[in-house]
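Next come two complexes, and both contain chain A; in the first it sits with chain B, in the second with chain C.
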Partner chain A sequence: MLGVSSLMGAGALMAQSDNAQAAAEWAEHFQGNYRLMSPQEKAEARARLERRYSAEYGKKVTVDGTEAQPGVLMGYALNVRKCIGCRRCVKACVEENNQSRGEKPGERIEWIQVLRMERGEFSKDKMNQGYPEGLGIQVGGNAYTPAGQVLEGQYHYEPKAVPEKEATYMPIACMQCEKPPCVKVCPVRTTYREADGPVVIDYNWCIGCRMCMSACPYWARRINLTNPVLPNEAMNPVTHYLGNRPRMRGVVEKCHWCLQRTRKGRYPACVEVCPVGARKFGNLLDPESEVSLILARKNVFRLKAELNTFPKFFYFYD
Partner chain B sequence: MNKLMSFAPDYVRYIIKGSTKFYAWMAFLAFLSSIALYGFYLQNTEGLIVTGLTSQIHEGLYFANLVFLVGVAAGAVTIVFPAYVYHHKAMHEVTVLGEMLAITAVIMVMLFVFAHMGRPDRLWHMLPFIGIYNMPGSMLAWDVLVLNGYLLLNLICGFYYLYTKYTGGEVNRKFFMPLVYTSIVWALSIHTVTAFLISTLPARPMWFHSMMPIRFIMTAFAAGPCLIILIFMIIRKNTRMWIQDEAINLLSVIITWCLGIALFLTLSEIVVELYARTEHANGLYYLMFGLHDLTRLVPWFWGSLIAMLVAFAMFLIPSVRTNYKLLPVACVLGFGGIWVEKGMGLVVPGFIPTPIGEVTEYYPTLIEIMMSIGLWAMGFFILTILLKGAIGILVGDVRFKSAAQATSNDVANSGGIAAHGPT
Partner chain C sequence: MKKLSITALIFAFCLGMVSSAFAEEEVTCFESRKGASEVVKRDLQPGWPNVKCSPKTGAVLWWGDPFDGTVPMGDTPLLTHVPPGNAVVKPRSAKLAILPLCGTACHNGVIPPTLPKDKKPKAIPTMEGLLPDAKNLQHGRGRIWCLDCHHTTQRNKLVDNFGDPLSIDQPQLLCGKCHGDKMRDWRDGIHGKRIGEWASTGKKRWFTCTECHNPHNVQDGARNRGFIQLEPELPPQLPKGMKDAKHELVHGVH
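Moving on to the complex of A and B:
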């Protein structure tokens, strides 16, 4: 990008402020798309963010920029038979990835939904009821009003204990498609597929047009309707530029397979926390990885395969 | 050059002078616009949380108005086309008014884009060269291209025509006609691309069908002329400009055809979707009957359908559509009906249910409603100015006076003052 750094310098000068935070914020307005930055510009952008976040959250925040490693293609497999619907993954994800967690509905963002499916929908006693009426609606609070949840499942459920006898569970999140519709529709190419597989977002480049949200067949994306509510003590200071760094008002976010962890050889938070080992993560290019073995040996399927999005998130059952 | 230099001041001078009624109208619009500015301020400090939008239903009033107004902009071609392709004389006299409406509508679309975006401060990211312009992948990028092109074409055609009228010269047809024909085809493109914006998303079955572009164009060519007829009626009443009956009658005929086809397409969709009644019809079902006791849009759908049917019946009967007392009623019904059907009635159910089956409802907030009204007011503000200027030139109130004429007038005037001075 022509003259981006000089622009940033000019920006800092124009701000005429000794306040590093204000200058950093000012310079952020002029930075280019992360993917197209030179290594030096990337480092500058990250350093700027580290300064701003550290000041904002009152602790040392790191913004990692580890690039995709050659020979790695991330893949995910989930055992639908094992999931018990405890939703520890949902909670771990929010804590790891610095999602907004305010009280108002518009301030709460979760990337994983565990859909609760009624077991025995086709049982004998339900056979003669004609068209299923209501199909097991439960009223779940969504945004500003009570909302129904139907057909595919319900993710606002409050059981005394899990697993429930009458339910099966189907967790979903971003499928990290190989042919992602969200990437195609983005007018500014702020969301793109990384070389090692995940579809990421440069939050600083997003214009908030929400075309990607309309295009996603898995409802994986969320818009930050307001400044994210992220208490200082709850903020996870180990971040990645394309991953879990705090977002800003008006931009879209989604699961990125915990880039801040997986690029460092760790498992995503949801995989780590799953108490029954339903979640498997690994390198699709390594034939001996757990995920590769599952794909080779188990009954595997993709969600909404008919849409040709080619998810790298697979479901399987033993 | 001399002529060009005097065009702008003459034009502006004419626009800013008006009756008390004119100033009151403009002040009223300015007041409503200022509310929109406040809403815009809130959205860019608090965020979109001040609207009724959610992650489930993330397009609402703004996007609905945006889609509808692209149609109004395209609808202006119902004047340009007969005027230049069929050499319709009455239409030819008022072509420039249609172009002024197109300019206004495109500007309004852009205002609604600003209202709709999460980060309007980052719009420059879309500019080619300094940002990234995702061509040819992104339909939104195509939409930006065709809308700006259409704005430019209409600005050039409209103001070039006005300028030649002002100077009393002749239009250079070699330069002008290719632009006019381009703008006719371009008008189709803006609405086609806007339809593609939502009809190319398999994630949203309600929108995912190839009928969308033609349905958009048909509703646009009905709603646009409805507004144009109403504007023409107002112009006939309030200015010295006389718009001939033939122009209005032809527009009525165009509306009849287009509204009829639009209704046919709507009914076809209903038959196809509800006959099979797959899960993909849930959006339409929600719109028509409600889903799981959530029925907010149901009265709007039936209301708009009835309005359109009544309007169609009125347009269909020649004695009604040539009755200028009843015609405005039909136009209001048609315009309102299509605004609901194509705006909220099309945009919101696309999100109900969400791709994972969640059924939620959309409650626009007061801020959102006031902001939409304010942006419409801004549009009418611009339209009033553009139409006033255009009419001033068309009726000859604003005309280029050669230097000699101007001085002789000045002398006459000053002579008058001088004569009165001593007494």
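Moving on to the complex of A and C:
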């Protein structure tokens, strides 16, 4: 273990390279876990990244490090009755968060998935039929129609227009659990819950073992199996260290509630883009916030609540 | 030296031509409702656009400045915890092409001689020609007509319960007359859409009723579940080696 990295470092030192990028990579290679860094080290790490990204993407890139504010616990609510399955949130997320957007397999990464679900039915002609055939397990809908199953194909619906008559839609992304299973399994403790709620990843410390991807019950995490494809002109230059800064090959990424925006007071990109206003975001500790009012007034549920992950992402309906 | 400067001049000229050719290529996207909330793409700062649009559907996906082109919303009853100036809207009047004409050309402050005395609906061929939705007004399913929402003499204004005119930029005060529950949810941020700052007292651009709903035909005959159907964005990439999305259905799940 020691051998490879030390040799590389020694090589870089002996070469006496003037190349700023090489020097930045050398320093980056030996930087600590972001949570354990001193404020000074954090600032240096961010300045290094700003230099490297600015050179790489040919424009001024900022890497923000705004910490969690006291008195803030971020929360999210989504109206499942309103969602029409248009996928604008998915694309807005990509525009904001610098995901890879190539064409080859594994090069297109999207954090939000929109499930299309058949509506269940209690019709007279099906009253005497047994339990769903084919799967042998009741996973949704009602006893007569196996609605609500999540098949691979149900992410890939492609009608001319949405919403379709016989479907409901359910977007899922990271639920920002209060007890996140992904954080429990991370062997290098690079993913952790921030004080204001979101579960974040220090991409530099990630070893790409994908334990978190297996542990997440909400299929929220994605890995960069290939070198990310991010055109210069499409790259969003306003970034956060724990948020949307460009990732490298071999690291895991996921939704972080647009930390680069929300820490500056702005709504996440998916909330702003939703054409039907189904997505709501606010401070759970503020009784006047829209999320607190939804919790007080509407019918709310959490996805897979039986797993005791305590998501801060709530689904509601009128 | 002279030759160099001439070359430079030619080069600069060509560059100007190219950039002007690009500038002419105007991209128009829509914010929530196609045909009712169009916005022209431009740069707020170099490399920082006001909006980013979907190449497939033409929908706005991202706002560079959420408050671009907005004005203060005006008073809304019981919206007291938001400081003045922190609630802004994009004026609807700018989107309505014939609105300035309404109050001057035809309805210039006098009661039209053809106005029915008994408030019973009456076909108005001129208006039906201008506004096809008026011919078979869907809103209210035949229980309301034009002057239940539009002011009798000031036709570029809406009307409140007391017969006083309301600005067309504040449709919430009109819609709330009947849809009080929706009005309450909208005021609390639960119904409808707002962009900007997430703090409950923060500055937000509010989307008013008519930015998302067509007031003359809210239900829209072709709709399925509360909203006019629209074109979806592209589906995600299929996993490597998968030809289509139907492979799980070959054994007949349903």
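In this section, the second predicted complex is superposed on the first by the 269 of 318 C-alpha atoms of A that agree within 3 Å, B and C clash if a C-alpha of one lies under 4 Å from a C-alpha of the other, contacts with A are read in each partner's own complex, and residues count from 1 in each chain.
Assume contacts are C-beta pairs under 8 Å (C-beta built on N, C-alpha and C of every residue); 3 or more make two chains touch, one makes a residue touch a chain.
Keep in mind that what you see is a predicted model, and the values were worked out from it rather than measured.
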First (chain B), second (chain C), both or neither touched by A:V61: neither
Which superposed partner A:Q113 touches (first chain B, second chain C, both, neither): both
Contacts of A:R266 with chain B and chain C, given as first, second, both or neither: second
Contacts of A:R87 with chain B and chain C, given as first, second, both or neither: second
Which of chain B and chain C A:K184 touches, first, second, both or neither: first
First, second, both or neither for A:S289, with chain B first and chain C second: second
Touched partner set for A:E158, first chain B, second chain C, both or neither: second
Contacts of A:P105 with chain B and chain C, given as first, second, both or neither: both
Chain C-contacting residues of chain A that also contact chain B: 105-107, 113, 134, 145, 149, 151-153, 155
Complex contacts: residues of chain C adjacent to chain A: 32-33, 47, 52, 54, 59-63, 66, 81, 185, 188-202, 207, 212, 224-227, 229-242, 244-249, 251-254
In the complex with chain B, residue positions of chain A that touch it: 29, 33, 36, 104-107, 109, 113, 115, 134, 137, 140, 142-145, 147-153, 155, 172, 181, 184-190, 205-211, 213-219, 221-227, 249-252, 307
Chain A residues touching chain C - in the complex, by the definition given at the top: 59, 81-82, 84-88, 90-92, 95-96, 105-108, 110, 113, 118, 132-135, 145-146, 149, 151-153, 155-165, 237, 262, 265-267, 269, 271-277, 280-283, 286, 288-290, 293-294, 297-298, 318
Chain B residues touching chain A - in the complex, by the definition given at the top: 46-49, 52-59, 116-123, 125-126, 131-134, 137-141, 144, 197-198, 200-204, 279, 291-294, 350, 353-361, 363
